[in-house]
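One chain, chain A, links the two complexes that follow: it is found with chain B in the first and with chain C in the second.
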Partner chain A sequence: MDTRADSGVSEVSIQTMPSYEMHSYRRKVKSIAVWSISFAALAFVMFIILDILLSVISKGVPGLSLKLFATQTSGIAGGLQNAILGTLMLIVISSLISAPLGVLAGIYISLFAPKRFGAVIRFISEVLAGIPSIVIGYFGYMVMVLQWGMGFSALAGGISLSIIILPYIVRTTDASFRQIPKSYLEGAIALGMTPFMATRTVLLKLATPGVLTGILLAVSIALGETAPLIYTAGWSNFDPNLQLIKNPVAYLTYVVWTYLNEPYNAAHQLAYTAALLLVAIVLVLHLLVRLLQRGSIKHA
Partner chain B sequence: MLNARIRSRIFQVAAGIAAVSPLLVLLFVAGVLVMDAWPAFKFQGFSFFTGITWNMGNMYASNPIVHNGVEGAPGATFGILPFIVGTIGSSLIAMMIAVPISLLSAFALVYKIPPRYARWISSAVELLAGIPSVVFGLWGMVVLAPIVANQIGPWLTHFGKVLPFLAGPVGSGFGLLTSGIVLAVMVIPIITATSRDLIAQVPKLPIEGAQALGMTTFESIRHITFPMVRRGVIGAIILGWGRALGETMAVLMVSGNATNYLPTNLYSPISTMASTVAALLDGALTDFSKLSIHALALIAVTLLVITMITNLLARLLVQLGRRDVGTEA
Partner chain C sequence: MTNDTVALDDSVHLTESELLELEAVLTGGIHLKKTAESAKETVIRVENLSAYFGHKQVLQNLQLEIKDQEITALIGPSGCGKTTFLRTLNRMSHTVPGFRHEGVVSVLGRDVSEVRDVESFRRAVGMLFQRPNPFPMSIIDNLTLALKLFGVSKKERIEIAKDKLNEVGLYEDLKDRLHQSPFALSGGQQQRLCLARALAVQPKVLLLDEPASALDPKSTKLLEDLFVRLAEHMTIVIVTHNLAQAKRIAKRTAFMEAGEIVEFELTDKLFYHPQDPRTRVYVEEQIG
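Entry: the complex of A and B
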């Protein structure tokens, strides 16, 4: 009994084991049955993935045309140019804020921070990553849109998104720098390099695939967010005009969300096509991440 | 050389400042929300969490009522019990569906699928995790809701005699069950990927030994792998649950948006805390007394606290789970 008390995970004590009959048919059947159910579960998951992709493709493709990329939405129809450009603008703004901040933070906690401090920041980042995005949306609305007077704007939306993606960039940067053996940094410093030179020349090269992976993942998260943008970016039927504040911007997820509730087929078609574009971009980013990961494995 | 030293110093200080940014952001967000939420809590007290009526009052009036020293619109009363029930209910349904499917899939991926195919399948599962929530919402509205209304729902009502909660009417397909299924699809990749990573780290030798002694593959996993990954897997499950609790858009699109109404059966329209904030913020702005906005902040704070607790617990368990299988000190 004593052996079992110790967290019960590292060892299986003999007492807890049931005694099995040596040549039991039932045991084999049970094993086969459980694995069959497992295969069925996995097949079900794959079926759902396929079903989601296929329904988005089959509904979205009929709406694809060159006009879609060349015209702006008007009322419930038109094209998606404004939404595509707006999404792009929001992603650029949020990446410009989060990428430098997150990468620097990740480098600091993986290489230079005292152990305790690093652990605290890692922990805080996890907490930040777990905050529901609508909560960030509320925050952005009350503070940036109203209190700071930004109005519905690309900057308010971009900052809200950057809060959401920051912890992901910190986490992946931290992880990819921590994978590099400590001796690399120590060796470089022993050779007379400053910590900055060592980081920039020796370590950064090794960590780059990981860091890029993190940024790409962050972009794909930012791309798919809606809740933090509804009350910060607003919506506009026109292309973004490069004004950072007081000018609402359009974005793709908004089209999917609102146009589905309109009673017009044209609006539905626009929503399906916007969903198709989103899924296509996410798929491309996903493949890029795969390529990067494969590259970094070869490199190591 | 001196120049290089200074540059290095600047770099380290800048990196140190950047490292504090997640902490500052978190404190700022939480601080703003708590301060915003306080008047609503003072106004309503704990009945905020137990009341079933959410009424922003006559927002265009100009004669505020005063309750506990806080001004509100006439007739304003804020009870979020239906939203809490909707949140917990839909996420629990999601977990009932997602947990067995995810765990069985994870075990099959590690132990039964040849690595060549397993890599592709894992990649597809990770892709599922990256799909925007509005796309899940779209799928829920267009594909799933009709299936729930016409097939799954009517079939489940046959069990209504045993479990009254399953009895009809099935309704439009927008409600608790559909929300639960959509959420399940959204958390399956989280639970599957996290537990697959843990299971893959379990040393092969004891498992092979057990099989050499005559255990079936299922028994060896039941008695050797499972006890080792149990804590981590529970962590993965709570991680998925936290995600389900905070999901906004997909639920908003398929929940049927009910207010002031507790679900009477599995198919009832619901609202969750997150979806309510998204749905009502616009309208709350017109409240001359601003109390409705504070009430929404209080929902956000409640949600924040719940998801923080689940997340911390989950991270802790996953961390301990990694230690159990010996990958991280």
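Entry: the complex of A and C
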């Protein structure tokens, strides 16, 4: 029944519109080709990601133990407590600096800045995002570590990280506020609210999921940085001591980067486990981002 | 037929003040008569208003007086400047970069170009938009947010909110879900909620920009009845593409074209006895 109807249709179209039929045939072949290529590319990427994930998990899991979280690294072995706490400290410092700055700047350029000036800031921020992180690390070394006398320290590392992630926070904040329909701001202003009141109450509520997403993504970028920290945070075998300057701190990416080059199994194990922890944290962050985005759809 | 209409219109026109007096006598004597007379107070006075977006002139030499306790309608083809004019009255147009105006626009005795405290001015001149725009917060918060920011006590805020919900006929429907999202409400309910929100800050003037154009006939009727009732104690200016709507609720109507006010008259007169050929063409086209 179905096939008969189908063949009936194609018979008619072949008789009356041969060129159309040719076109659609060619188009079909083309689209199949394009789809296959995309699919192959996707499969390739997925394969690489899966491979990385699997090797990190299979090599990292054996090193997981309570001792890992409870002891500091000593030489090429020991635990990761100092690196975990150091990473945490660096992330907290860089977020405390870049989140308020970036969010305020993003709000300013999306809502209040004159058009031209907003465009200039957006451009500068893009350029900043394009600077290789090692350059920022070197700059941090020359200026903060040496010139300002901070030494290798949590503050120098945290500031370097915040310079790296600032543009991401500005950009996502800017985008989240710009995509809010004008009618919300106008509705609030028409009631006699100041633009500031309207932003703080109505608009911020709408933009919060987007802004938080930006901050979380920025944090996950900061988590993965190594080069700038080597120049600014140094390394320490001891837990961070809440001294902001002149005391180097440990961080997980350092373990991954250096300990893989050591000729010892214990060092390799520590590196893989540090990598596993990083991947796990980034995964959790991205899951949080997903949750936030799902929450934000409800309002729109 | 035409003679009839003219005669009717003329008689209405001639006896307007007598009618007001009659109404006053019928509904309660001297006190009401006084308010009927003060109804003639001009709330919005516009003289030689020209307005520009950058170099583009969008309003030309508008001349207009709008009186208290009346509904005044603005009609005219798309792009003729109705919205721009309406939003000049509460300085919303002025928030657009590149906007400027010349001439006098006086609202509630204040020249809009000399208003210092824009916020309290806007509080006195409320506005309702084409699409309902409830805030992304609970129904009750929608109503109380502005009051809270202006420092009204919590008890008082809630009282005002309930009062205004009642005024727009939503209280019975919504009293059990005041803490829920307004986005689940129908378009008509959302628009009435926005009206209640605007009323909560006690405006004296209400500007409406095609407030019912996105709504079904039943919600439109509900809103229109509300506007008529509100006009008993405030000034209402409504932009509409729906001439029947203007006819139903507006005492006076201004017809605009290409940034000018072509004709400003009592609504019936404008529709049935237009003086300007441009008005006649537009009205005939719209009514068919």
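In this text, the second predicted complex is superposed on the first by the 265 of 300 C-alpha atoms of A that agree within 3 Å, B and C clash if a C-alpha of one lies under 4 Å from a C-alpha of the other, contacts with A are read in each partner's own complex, and residues count from 1 in each chain.
What we mean here is this: a residue touches a chain if its C-beta (ideal position, glycine included) is under 8 Å from a C-beta of that chain, and two chains touch if they have at least 3 such contacts.
These figures come from a predicted structure and were not determined experimentally.
Partners chain B and chain C, once the complexes are superposed on chain A, both fit on it without clashing.
In the superposed model, A:64 makes contact with neither chain B nor chain C. When both complexes are overlaid on chain A, the residue A:291 reaches neither chain B nor chain C. Look at A:280: by the touch rule set out above, it reaches neither chain B nor chain C. Contacts of A:194 after superposition on the shared chain: both chain B and chain C are touched. Legend: residue contacts after superposition of the two complexes on their common chain; A:119 is shown touching neither chain B nor chain C.
With both complexes placed on chain A, chain A has more residues touched by B than by the other of chain B and chain C. In the superposition on chain A, no contact is made by A:96 with either chain B or chain C. For the pair chain B and chain C, the minimum alpha-carbon spacing after aligning on chain A is 7 Å. Chain A residues 194, 197 lie at the interface with chain B in one structure and with chain C in the other. Remark: chain C residues 90, 92, 95, 97, 119-123, 126-127, 129, 131, 133, 135-137, 145-146, 149-150, 183, 194, 197-198, 201 touch chain A in the complex.
Residue ranges of chain A in contact with chain B, taken from their complex: 7-10, 12, 17, 20, 22, 27-28, 30-31, 34-35, 37-39, 41-42, 44-46, 48-49, 51-52, 55-56, 59, 100-102, 104-105, 107-109, 112-113, 117, 120-121, 123-139, 141-143, 163, 166-167, 170, 194-197, 199, 217, 220-221, 223-227, 230-231, 253, 256-257, 260, 271-272, 275, 278-279, 282-283, 285-286, 290. Chain contact summary for the complex, chain A toward chain C: residues 114-115, 181, 183-184, 186-194, 197, 201-202, 205-206, 299.
Those residues of chain B that touch chain A in the shared complex are 4-5, 7-8, 11-12, 14-16, 18-23, 25-26, 29, 32-33, 36, 100-102, 104-105, 107-109, 112-113, 121, 123-128, 130-139, 141-143, 185, 188, 192, 214-219, 223-224, 227-228, 230-231, 242, 245-249, 252-253, 274-275, 277-278, 281-282, 293, 296-297, 300, 303-304, 307-308, 310-312, 315, 324.
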